[in-house]
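We just call them A, B, C, D, E and F in the order they show up, numbering each chain from 1.
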Amino acid sequence: MYAVNVRDHFMIAHSFRGAVFGPAQRMHGATYVVDLELRREALDPDGIVVDIGLATQVLHEELALLNFRNLDEMPEFAGKNTTTEFLARVLFDRIAARIAAGAMGPHATERGGVPGLSAMRVCLNESHVAWAAYEGVLPATTA
Amino acid sequence: MYAVNVRDHFMIAHSFRGAVFGPAQRMHGATYVVDLELRREALDPDGIVVDIGLATQVLHEELALLNFRNLDEMPEFAGKNTTTEFLARVLFDRIAARIAAGAMGPHATERGGVPGLSAMRVCLNESHVAWAAYEGVLPATTA
Amino acid sequence: MYAVNVRDHFMIAHSFRGAVFGPAQRMHGATYVVDLELRREALDPDGIVVDIGLATQVLHEELALLNFRNLDEMPEFAGKNTTTEFLARVLFDRIAARIAAGAMGPHATERGGVPGLSAMRVCLNESHVAWAAYEGVLPATTA
Amino acid sequence: MYAVNVRDHFMIAHSFRGAVFGPAQRMHGATYVVDLELRREALDPDGIVVDIGLATQVLHEELALLNFRNLDEMPEFAGKNTTTEFLARVLFDRIAARIAAGAMGPHATERGGVPGLSAMRVCLNESHVAWAAYEGVLPATTA
Amino acid sequence: MYAVNVRDHFMIAHSFRGAVFGPAQRMHGATYVVDLELRREALDPDGIVVDIGLATQVLHEELALLNFRNLDEMPEFAGKNTTTEFLARVLFDRIAARIAAGAMGPHATERGGVPGLSAMRVCLNESHVAWAAYEGVLPATTA
Amino acid sequence: MYAVNVRDHFMIAHSFRGAVFGPAQRMHGATYVVDLELRREALDPDGIVVDIGLATQVLHEELALLNFRNLDEMPEFAGKNTTTEFLARVLFDRIAARIAAGAMGPHATERGGVPGLSAMRVCLNESHVAWAAYEGVLPATTA
């Protein structure tokens, strides 16, 4: 199994509801340094897992939608605790949809008999002592 | 699959027996920076993998039992080489037992139909160029 | 010149005023991983720069006053842009005052003819690609 | 499952062919910080996954064959794009062959009923924001 | 004294002349992860050392002129060993000239009686075990 | 001012005397990841601060004298607390003496009118949250 990882970051404000969160129930924030790992069983005819330029761009575009935002005010997160693990899943689903829609180009999909990206992991590093991640399979795609 | 990781460290002295260890057969020591990773298939109703405060506390308590110790003098390690990989397993077993005993609280176990923690990985970073880890499944728990 | 550094972190929400800040004028947040470096010309009779346990405790106490807060709502920051460099200075001044008041114990001050801590640096790492710091001299202290 | 990881690095020049590589089609280079991770189901009778000294030596020897080279001029890479993921696989195959030939000593193979190394992962970190890896199983070996 | 640091990277090929360089006399390459640190005695009226967006942009533009290049073929380096320390100085001089020419905007220069940037440090990290840097004062600038 | 840094590590056992050390009065140990930084006003005629191969070798040789040792049993440390800051100074003095004796070769000393190494910093990273360092000037040397 091959894997390629690219890294970027975003900075947000939010608050949590539930006694388990203690002082994090107050409005606070975080820098999330995000690792996006893409996996594939065999290399593409060009010798790559994915176009690293496009992977970097898609990650940056998705993070830009959250960057410098107060997540408590975003309708799509209403009634949700935007924990680190929850956000890892949100980014996984959004990026998986972008891949399925072709945003990572033909190099991410089946080409010359080589199956495309097969799995993905999104990891959010929230400090020097804590991170959370979500990983799962990707549906088979054809250009 | 979701994962959450917390980090802490401990500092010990020890020595090894066996020609394979070369100069490490002498009394020496190490700083181990420990990553404790907890995995779960679905998020708890509060949107978390585990109460990160309790996970941090349990890790700290287990490391405190070893911190600032000469492992060669601890009865539970008599006749054992306390290698990095061996210590990773020791910590895995001890923390797994703590979880089974409820030390990570109700958020670590089955709640509202969501199964509890399913797997764990303990990684000991011993320098900027070496680490060892042990990972395995956790038994299903009910509050 | 000797130096000792300890590290901790805090997580806050805030917003900035001024066109130079662009999208950071919106409510957002940050994780700050803080390095506190203490300097001294000669070692104390115990062979240390400072009681590292007390240095860690003082840093943690000062960060706890900011942790999980919306800085925009704190009276002491009214009318200020709580930029990373500004916060580095705030923490410098607060910790310097704590040292002057004896919070780092007798090992931080003149003892047996050895002058106490002479300088300090506070560095806030806000992501994997950016940090800001403030450093300056400390006034001579006597126990 | 146990794992042990050792780290080293090498520095090379190369160029790529194919529009997907953009400016990387020009002659350029990279520092690759390499993580070699070796996995095993149970510890050897000495309490280790592998002789870490031999693992470090084998990794260093393999990297030395590439270090300070222009990969475009090496016959074994003729007609290939020596991407990070491709090089991860090259190193995987070469190190796997060295293990099969006994280069990591008797501690890497079946001993006293304990099966030898079962899997390996080679990860090449090419910058602070990107890495690629290849992982796979190792054939069962007997001393 | 205040400081702000931003980080980016570039990847090049080159070779050295001189017996002291050993195997690095061959064509090889490097990834350089660059830290650009800007220092100032007092904060600007907006509470900043510099417009971090412009600092990031200027660093990126200067690295882009070197990125994915064979330095041996660039006329400005003819007859020079492009060592890590040499490149740190090249980047220092180029960025200092950009600052003097106003590329970091009015926030980098004297404003409202607050002197502008006073010093700079450029550090090139070439692996996990080596880096080189150049630091020096900056000439006083007026908008 | 130019600087070059190389990194290596060593692992030791020791104990401290004095109430300020709390549980560290017990026999324990540490991994020290050591940064050796060498400074010079101008580059050598070869375009370097120092022969990085020799700097790496000298650092490794000095660390080898301490590696895998119980410092409490070494005569040169009798009656001393081998704290991190104390060890930084020990290594500074030993490496300074090696440089003065020519161990870093002619590239470390005055050549062609360019003064040799002028200052040095030794930093011992003892965990992910603490380090200590000693820095000072080096005496002028002539080949």
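As a convention for this text, contacts are C-beta pairs under 8 Å (C-beta built on N, C-alpha and C of every residue); 3 or more make two chains touch, one makes a residue touch a chain.
In this text the structure is predicted, and so the values were computed from the model without any measurement.
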Chain F reached from chain D - shortest hop count over touching chains: 2
Contact-graph distance - origin chain B, target chain F: 1
Repeat of interface C-F, chosen from B-F, A-C or C-E - more than half of residue-number contact pairs shared: C-E
Inter-chain centre distance, chain B versus chain E - centres from mean C-alpha coordinates, in Å: 42
Inter-chain centre distance, chain E versus chain F - centres from mean C-alpha coordinates, in Å: 27
Multi-partner residues of chain A (at least 2 other chains): 7, 128-129
Residue numbers on chain B that touch chain D, as the complex places them: 18, 20-22, 80-86, 88-89, 128-136
Chain E contact footprint on chain F (complex, rising order): 1-8, 43, 46-49, 51-53, 56, 105, 107
Contact footprint of chain E on chain D as seen in their complex: 7, 9, 11-14, 23-24, 26-33, 67-70, 73, 126-129
